[in-house]
C-alpha cells in the first residue's frame, strides 16, 4: 500500500483518503462498518468552545445531485471532545484533523490552543467557511485580511500544523489562499459548501428552517476542481481537496487538479463504506493509469511536462 | 448490526392510491430486533436521487428472511422506487434506530395510533404485542378512503377505528377525535404519524406511551446531526436526541415536539 | 392565458418564460420545433462589436447534473445581428432581449447604442458575467464600482430598458446588485454560470480547450435560488431568474425566491420543446397551487404575510 | 424534419466487446434523408446523465420504420443505454445533420474508410452507394479483433480490408497503411472515424472525398455553438461550420482539422 502513502505537514497518511468534517461525526457510527485505522486520517466534526445545539430542523434538503445542510455547527463543545471523543478515537491508528470553529477570533484561538495539545490530533483545520453561522463567519471566510489575521493568531498557539478550510463563496479564491498562506497556514483544505437554498413548491417557504444552507455533493465538484486548479498553481501549500467525491476516479481528478489528499463528505451518507471502498479501489486504478505512486498525479492538469517525482 | 444489502424484491404492489407495499428478502432481516425500526433505501444506482430514503419496516419474518415496507410514492425517490419490479433488487441500509420496546404484557391493553404513512410500522408492532400477550386496539387516521390501507389486516389483530379527514371512511376527523369520543381505555399507547399528530397526542393523552418521530435525514445512522430534537425538559438547551439513532421511537414526554 | 402575463420595464410578456442567452442562438434552430411567438421573450446570443469565433473546441463537457461551456461569446458581430438575425426574428410576435458583451467599456457602449435602436429589441441584457472571456470580463462582473460605472454608461446610450446579468462568482451578490441598481439598471437577470472545470481521467488535462468553463444546469439551481432570494429583498429591481430550470415547478420556485420571469438555458439542449412545454403546464400548476396570477408568487419565500397583489 | 420521439427497441445485442447494436422503430425513420445523419439520444428520463448523446444512424429501412445504431458503451450515458431491453423505449431527437451526398455513380469506385465507432454509418452508406450503382470497397480500422464488428456484412457489399492496431485481425497498423500498401484505386472516398484519422486522410489521400467529423455537442441542432470548426482556407478567422447542423459530413478540404 506504500504507493498510496502521503506525507503532509503533521500528517503521515497511509493513504490520501479521509472523511470530511461534519460528515463522519467523531467516527463512532462509522466504526460499526469498518476499522477506522484503514483511513488516511479523520476530519472530525467542527468543535467550538461551548456546546452548540445548532440550527432548528429541518436541517437538510436534497437538491439535484447534491444536498443542502444547515446543521449550524452542532457539537458537544471543546471539553467533551477532548475528554470523550478524542480519547475514544485514540484506539485507532489514524491521525485526527480537528476542525476548529467559533464566532470570534478568541474562540478559535482558545479551541485551537487546547485541542492541538491532544496527542492524536495531528493537525487543525481552521473552519473559516461555514455558511450556516451568522456571527462573524462570513468575514472570516471572505475577507482576505481577516482570514490572514485569524490564521496568524491560531497558528501562533497551535502545537500542530494548521490547515485552513476555504469557502468557495468568494470572488477570488486565489487571493484568499494567498492571504492565509501569508498568515502562516501549513496547508489548505477546500472546498467548503456553496451557499444555496431550496423552496417548497406548495408553501413557497424555504425547506431548511435556517432558510439557506451549504450545498455539497457531486453537483459542486466542477467548482471545487476549478478552485484547486487555480490555487495549487498560485501557492506553495499542500491542498486536501473535497467536494462531491464518490469514487476512486473522482480522487484522481482531484489529484490532477492539484490536491495531495482528498476528503469524502456527503458520499458517506449514501454509502457508509465509501471511504474504505475508494481506498481499496485506488491501487488498481493507478495500475490502469500506469502510475507508481498517487502523488505523481498531483497537479498533472497544469504541469508543463510530466515530471518524474517522489518515489517512496 | 447494521448491514448494507442489495435485497431481492419478492413482491411489489399498489395498496391504495400512491401507496405501495414492497416485500424484500435478504440477510438484513436477521438483524431486525424490534418493530418500529426503519431502513434507509437507495433508489437507483446513480446520483438522482442522491440521498437514501428512510422507510419504516412494516412487518418482518425472520425465518423467511422477508420484510415489508409500505410507502407513499410522492417525490422523486419514492416514485422511482415504485417502478422496481418483482425479482429486482433494492439497496437497503439497516435495520436502523431503536424500535418499540415490546415487553410481556399479559392482559394489558395497548392502543396503537397511526396517521397516514405512520400506520405501517404499527402493523408489525401490533402482531408483536399480541404475541407478547397484549390486547391491541387501533385508531388509524387517513386523508381519505382512497389512500387507506390494511384496515382488514389490523381488524384481524384487534378492534380498529378509522378516521378520515373527509369522512369518506370511518369517522370524519382526526385520530384524537376518535380517541376522545370513544373514550378508549388503554394501559399504554404507541403512536406513529406526522409530528403535529404526535404533538397533539403528547399534549392530550394521559398515561404511558411511545411516539415514533419523523425528521429529514442525511446519514440515518447518527453521524450528521441532521435529525436532532430538543428535549422536552430543556427545549432551548444543547442536549438533544437523534431521531435516526436514538429513535425514531421515544417514550412520550422525552422529546420537545 | 392572461394569468401568465407579466409587465416588466420595456417588456410586455405573454408569459414569463424565455430562452436564456446563448442557449437558443438567434432562434432559427428552435423555430423548427414551435412557433417562437409562443415565448414570453427571447434572449439572444451575446453580441459583440466585431464577429468572434470564440474558444477552441472542445467547448462543452458534461458534469453531474450540469454542463460546462466555454463557447467564448462566438457570434457574427453587431452588424450581422442587426442586419440578419434581428430582422429575421421580427416575423415573430415576441420581444427580443439583446445580450450585449465586450472587452472594454467602449465596446459595450457601442453595441448597446446601436442594437437598442432595432425595433424588436425591447430590452438589453448587459453581460458583465461571462466567465469565458479573459479581458476585462472579470472586473466588470465582480467589482461593484466597475459594474456600476459600466451600467451607467450603457444606460446613458440605450434606447430601451437595461437589465444587468449578474455573475454568481462573487463574495457578495447583494453588493453587486445594489451597485448596478445605483448605476441605473432597470432590472436584473441572474444568474450566469459558475466557474468550473473537469479533467480527463487518463490524461489529467482539462476536457475544455479553454480549461475552465461556466457551469449551468440543474446542479446550480440552489445557488441561483439563494442569490435571487437575497437580492430580491435588497433591491427594487425586477429579476429574471435562471439556472437549471427544467419544469413548471422550477419556474414556481424561482418566483417564490423573488423572480418576476424565468429564463431556460441548458434544458433546451435536452428537450428542444421545453420552453413551450413549461408555458403550457403552468396554468394547471397555478390551479393546483390555488393562485390566480403567477406574479402573486413573486417573493413569497420572504414576504411576511400573504399579500393580496396584482389582478390583471 | 427533426422530430423527438420515444422510439421502440426492436432488438439490442452485443456485437463485440462493449459494442452494441440497437434497432429502433418509429416515425422518426421516415425523416431520414441520407446515410451519415445522426440522432441525439437521451438516456434515462432524469438528470443523470444530463445531456443527449450523438450516435450515427448505421442503417435504416423506411418501409419497416426501423433504424439501427451501433455504439460503444464506455461512459456514463452509453453504459446506461446498453441496459435498455427489447420492448423498452429510447428518447431520440433526429435525424440530425446532413449526411453523405449519394449521387448516381454507375460504375464509379467508392472507397469507404472507417475507424472504430466511425465504422457504423459507413454500413448504411455502402448499401446506399451500391443501390446507386457504385462499386464499393471498405477499409476498416479497429483497435483489436475483440472490438471489431460487421466485417461479414461489409464483405457482402464489397471487398473489405481490416486493420487492427495490434494485428489481431487483418493487417497490423492503421487504415492509412492499408490504403497505401494495397494502393487501392477509387474515384471518391468516404471516411468516418476519430479526428486524427480524418486529418491523416485529408492530408494524404488524393481526389474527391467526404469526411464525417466528431465533436463534443450541446444542442445537436446548431444553436449552442459547441461544435464549430474553423475552415481550412481561413484557420484563424471568424468563419466556421457547425458539425451538428452543417455536418457531420463535409467535403474533404473544407474544414481545418
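Per-chain numbering from 1; labels A, B, C and D assigned in written order.
Following the convention adopted for this analysis, contacts are C-beta pairs under 8 Å (C-beta built on N, C-alpha and C of every residue); 3 or more make two chains touch, one makes a residue touch a chain.
Only a predicted model underlies this, so the values are computations on that prediction, with no experimental measurement involved.
Set side by side, the interfaces B-C and A-B show unequal numbers of C-beta pairs in contact, with more at A-B.
For this pair, chain A with chain C, the centres built from the Cα atoms lie 34 Å apart. In terms of their C-alpha centroids, the spacing between chain B and chain C amounts to 46 Å.
In terms of their C-alpha centroids, the spacing between chain C and chain D amounts to 36 Å. Multi-chain contact residues of chain D, defined as those touching 2 or more other chains: 47-48. Contacts with at least two other chains are made by residues 64-66, 218 of chain A. Taken together, the touching pairs cover every possible pairing of the chains.
Residue ranges of chain A in contact with chain C, taken from their complex: 63-66, 68, 142, 169-172, 194-199, 201-202, 204-206, 211-212, 215, 218-223, 225-226, 229, 244, 249, 252-253, 256-257, 289, 297, 300-301. Within the complex formed with chain A, the chain B residues making contact are 1-2, 4, 42, 47-52, 76, 93, 215-230, 237-238, 240, 245. By the touch criterion given at the top, residues 47-48 of chain D touch chain A in their complex.
Across the interface of their complex, chain B is touched by residues 64-65 of chain C. Across the complex, chain B is touched by residues 22-25, 28-30, 32-33, 45, 50-54, 57-62, 64-67, 69, 71, 74, 76-77, 217-218, 246, 266, 268-273 of chain A.
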